[in-house]
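Each structure below appears as structure tokens.
The two complexes that follow have chain A in common; it is paired with chain B in the first and with chain C in the second.
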Partner chain A sequence: MVLEATMICIDNSEWMRNGDYSPSRFQAQADAVNLICGAKTQSNPENTVGVLIMAGKGVRVLVTPTSDLGKILACMHGLEVGGEMNLAAGIQVAQLALKHRQNKKQQQRIIVFAGSPVKHEKKMLEMIGRKLKKNSVALDIVNFGEDDEEKTEKLESLLAAVNNNDTSHIVHVPAGPNALSDVLISTPIFTGDGEGGSGFAAAAAAAAAGGVSGYDFGVDPNLDPELALALRVSMEEERARQEAAAKKAAEDTSKQGGEQQAGSQEASSQDATMTERASASTSEAENKTTDLMDDENALLQQALAMSMDEPAVGHDVKDTDMSEASVDDPELALALQLSVADSTKDQASQSEVLADQSAVSDILASLPGVDLNDPSIKDLLASMQNKSEPQKKNDDKSSNEEKK
Partner chain B sequence: MSGESATTAIHKGQVDLLDFIDWTSVECLNQSTTHSLPNAIKQGYREDEGLHLESDADEQLLLYIPFTQVIKLYSIAFKGPEDEGPKTVKLFSNKEHMGFSNVNDYPPSDTVVLSPEHLQVGKPVLLKYVKFQNVRSLTIFIEDNQTGSEITKVQKIQLIGSTVETTDMKGLKKIEDH
Partner chain C sequence: MACLHDHSCEDHDCSSDWSLYKHIDLDKVSALNEATTGTVKSVFKAWEHRLNTSGEHLESNEGDPELLVFIPFTSDVKIKSISIVGGADGTSPSKMRAFINRDGIDFSDAQSMQAIQEWDLAENMQGVLEYQTRYSKFQSVGNITLHFPDNFGGDTTKIHYIGLKGEATQLKRDVVATIVYELMPNPSDHKTRAETGGGFSHVE
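For the complex of A and B:
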């Protein structure tokens, strides 16, 4: 919770085009900068962070120390890579920017990303380091990218000149599978000398690890134990309810036609998936929904099988549907049937409905621009008729009953 | 008060301004972490021979001492080793948050050059009183030391003056004694 004003010096030289850090050195650096800004502003709301670039046309301050995270992230956008890094000038400009900070009570800190080779003399860097120490400015160095003996030596000597009571640090990040940000999270640069930022660092590590966090619902039990408990309890309740509902559905489908049950089952499953998603769970929820989908599919398969194999049963269902609606108009009955069987997977009933030849031709006639005598339309109707031949008798029967 | 007059010879009406220092905002740039400012100005610490203020990266020191009320500064006394004690000292009145880079931007309110004799006994140096009539904070810039060594050491710093609002009651008594 140290009150701090930080200036981040970014290396946007040509060396940053290299892809040995995925996706590119520059992008890895940008991600790390974003994380650092977030950590700093979170550890103390009065902390300010500023950004400057060391390469390009020259050293340039992108944003002066501010606590507005949005401003910082915005200035990172659209940065171009090019030119050569000027480490000495960068540090000096950073020091100047910190000197003119608004809140003089803030401690001064500079974070340098040194990716390209260092062309300054060791003596000069030591002098700069001493000047920083004299003005009680702490310095953190991230040594990544280009790696040679000289560079490491120079940076180490710079750190030795600046370091006052272990407030300054250097981190060497070699190229590899780990992202730059991930490596930095565990360093004192993030954790702020062992206090403060560790909570944020833990959460960031969880997010970065991408689901392999150990937290069931993406909520740290340490940060918010009540919320985590509530989520767990509601998840268990939902699971129990799902199982009970599935059991009941399985029993019911064996008794009646599967359609309505499947429809209602699906609706309740959708509700369940909604609540689960709302609780922001991770892969667990996804597994759950796929299980539910499988259950639904199984039930629907049952329904389809039944309606295909046992026209009598399907017939009864349809009759109950119709009597419930209590209408005489065959087209309206058709529309009702369509709305009942509105599931996209429930194609069987739809095809049955469409196969009702007379109703379809009536509908088509009412459509503007469709001529029933058109050969293509006739062919279409004929093919549909052939497809649903076994169902045709059934449909005619029901429609005849309605007409009465 | 009378006990002090033997070595420090406080002018009548003037007091040690130790009590009026605002300790929460006292700052010192380029001080060594082990040998810090309180060693030189705090009561008890400054009398201790073993405790002193030391510079860190180079021989310069920048001290910022704010006061709890407005004071008039009469004289200043330094005590330290003859070889590493301060020599040229610049004083700035009412300038906040100065850095080493802008010490040369402003003319100092007064400049004091110390000799080894001053350092040995902590002899107070009279200042341009007119320049220190209305002091809220004092910045002391120790520019170099007696021998030009890397580190400057200061044993004790004493500020002598009077307050503006009220005259110190102790000081009044002293006059009456005479």
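For the complex of A and C:
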């Protein structure tokens, strides 16, 4: 949110006709300029941006620093390519334009797009750099287009002369598949001096990087709150369902003294749930298990009751929740269907559902992140098969009473 | 125009005279051509600490002895005299030029503009030299810009202390911020309370 007046120096020399940046060097530059103007004005509404061209008939200021984005975009339209770039004069005119800015409180910054070869001497550039530093003007250099050793060296020495406490930057953009603006978005030119950048830059970066952002689910809550919310809700339901399944398994196997198994169940369910909790210790999960046993049982009972489609059970089944879940999660719907199809009998056949290995393995297979070949899962399936029915019925009935 | 501090300081309290530093708006103090941003704030301190060279001080960039210091005040002040303690080995400034109530002066402005007053400085290592101002010109100072164009031959210019002696008035020199200019008055813009069916009249 730094209050800044920026002058952008555009290179519209003959070298910009080249097509090694798509669609042409000049177009790529124009896109980058539009993006920068947007970012600057958005990060602080009092920021001003001006534009000048360095080639053509001579250095010419197109727009003096203004916060009106429309004016800037309009002047970029209809620019002609030709002539030779005069870097030194361009920077000096930019400095003069900044000197006469209306709001003296603004910091001064010049952004230079250097596409064509630099014909000035290194010493002269260094002198210009020192003068900029003396008047506390920051300079950002975008080195693209023509690529030769001398040019890079000269621009680096210019940057070294100007740089005061890392306020100035240089970016080298080689020709390639990435657009010039995309490359620039992630640089300090856009993101400011270590402040973390504006929302505009961050959002644009998220879009450009294709979802590799710091947000959960790769969707920016600012850009699409409904989608982000839907994803989050569906994730919670998935997690609850998997925890319910895991806890039930844990509950079943714990009677056999299978603490270890329960632990591994927790571990596999943790892995299956794609959350940050994957790094949490299993002991924590077990503690949670004992603490939340009642809640989980309740959820579990509801889940099973729904799959049974038995109104006589008398639980307070939350129809809306389950129906939403089934709508959102086709896998859950499939699981429910399988369960219902398999057991049209009485309540006690809850255990049959679990004992039906094929159904269970289908359900487990549909759970993301669960590998049927995982030994702990194999153990679970085996144990569920071998479990005696009465024991299970007792478990179920006791947990029923708990719930009631 | 220098005058010597020709009495010993035990008799009266010099530090109370040099207390204008309390009226400086330190957040808005800025300098051009300083080597490290922000060090300019360290030169405004109490009289007793003027010779304290161990802490931070203002230094110009390598090879460039020019310095420009912008000092805004929290209220209008009258400045009677100025004292400067520079660095050793030729790093003391040799000349000082002052500009009053001008915002955003940079080096090219400073070099071309006529200063309100100029002084030739001497190396003031003991901090006893003070430079008097033409008091009539320094009556209501909202901000002052000090330009040090040269030093005594050193590579950089160092300043450890800038002292200001004078009085502070309680007035503030305010620029009228928002004015709406009317080319032609429009009665609808100036509805009186009676027209809008207003409420009780009251005396404030």
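Note that in this section the second predicted complex is superposed on the first by the 205 of 404 C-alpha atoms of A that agree within 3 Å, B and C clash if a C-alpha of one lies under 4 Å from a C-alpha of the other, contacts with A are read in each partner's own complex, and residues count from 1 in each chain.
Here is the rule we go by: a contact is a pair of C-beta atoms (placed from the backbone, for glycine too) under 8 Å apart; a residue touches a chain by one contact, two chains touch by 3 or more.
None of these values were measured; they are calculated from a predicted model.
Aligning the shared chain A places chain B and chain C in steric conflict. In the superposed model, A:Gln102 lies in contact with neither chain B nor chain C.
In the overlay built on the shared chain, the residue A:Ser186 is in contact with neither chain B nor chain C. Applying the stated contact rule after C-alpha superposition, one finds that A:Lys134 touches each of chain B and chain C. Look at A:Gln301: by the touch rule set out above, it reaches neither chain B nor chain C. Taken together, the two structures place residues 99, 104, 130, 133-136, 164-165 of chain A in contact with chain B in one case and with chain C in the other. Put simply, chain B touches chain A in their complex at residues 29-30, 33, 56-58, 60, 96-97, 99-101. Against chain B, in their complex, chain A makes its touches with residues 99, 104, 130-131, 133-136, 164-165.
Looking at the complex, you find that chain C touches chain A at residues 32-33, 36-37, 61, 64, 66, 103-104, 106-108.
Residue ranges of chain A in contact with chain C, taken from their complex: 99, 104, 130, 133-136, 164-165.
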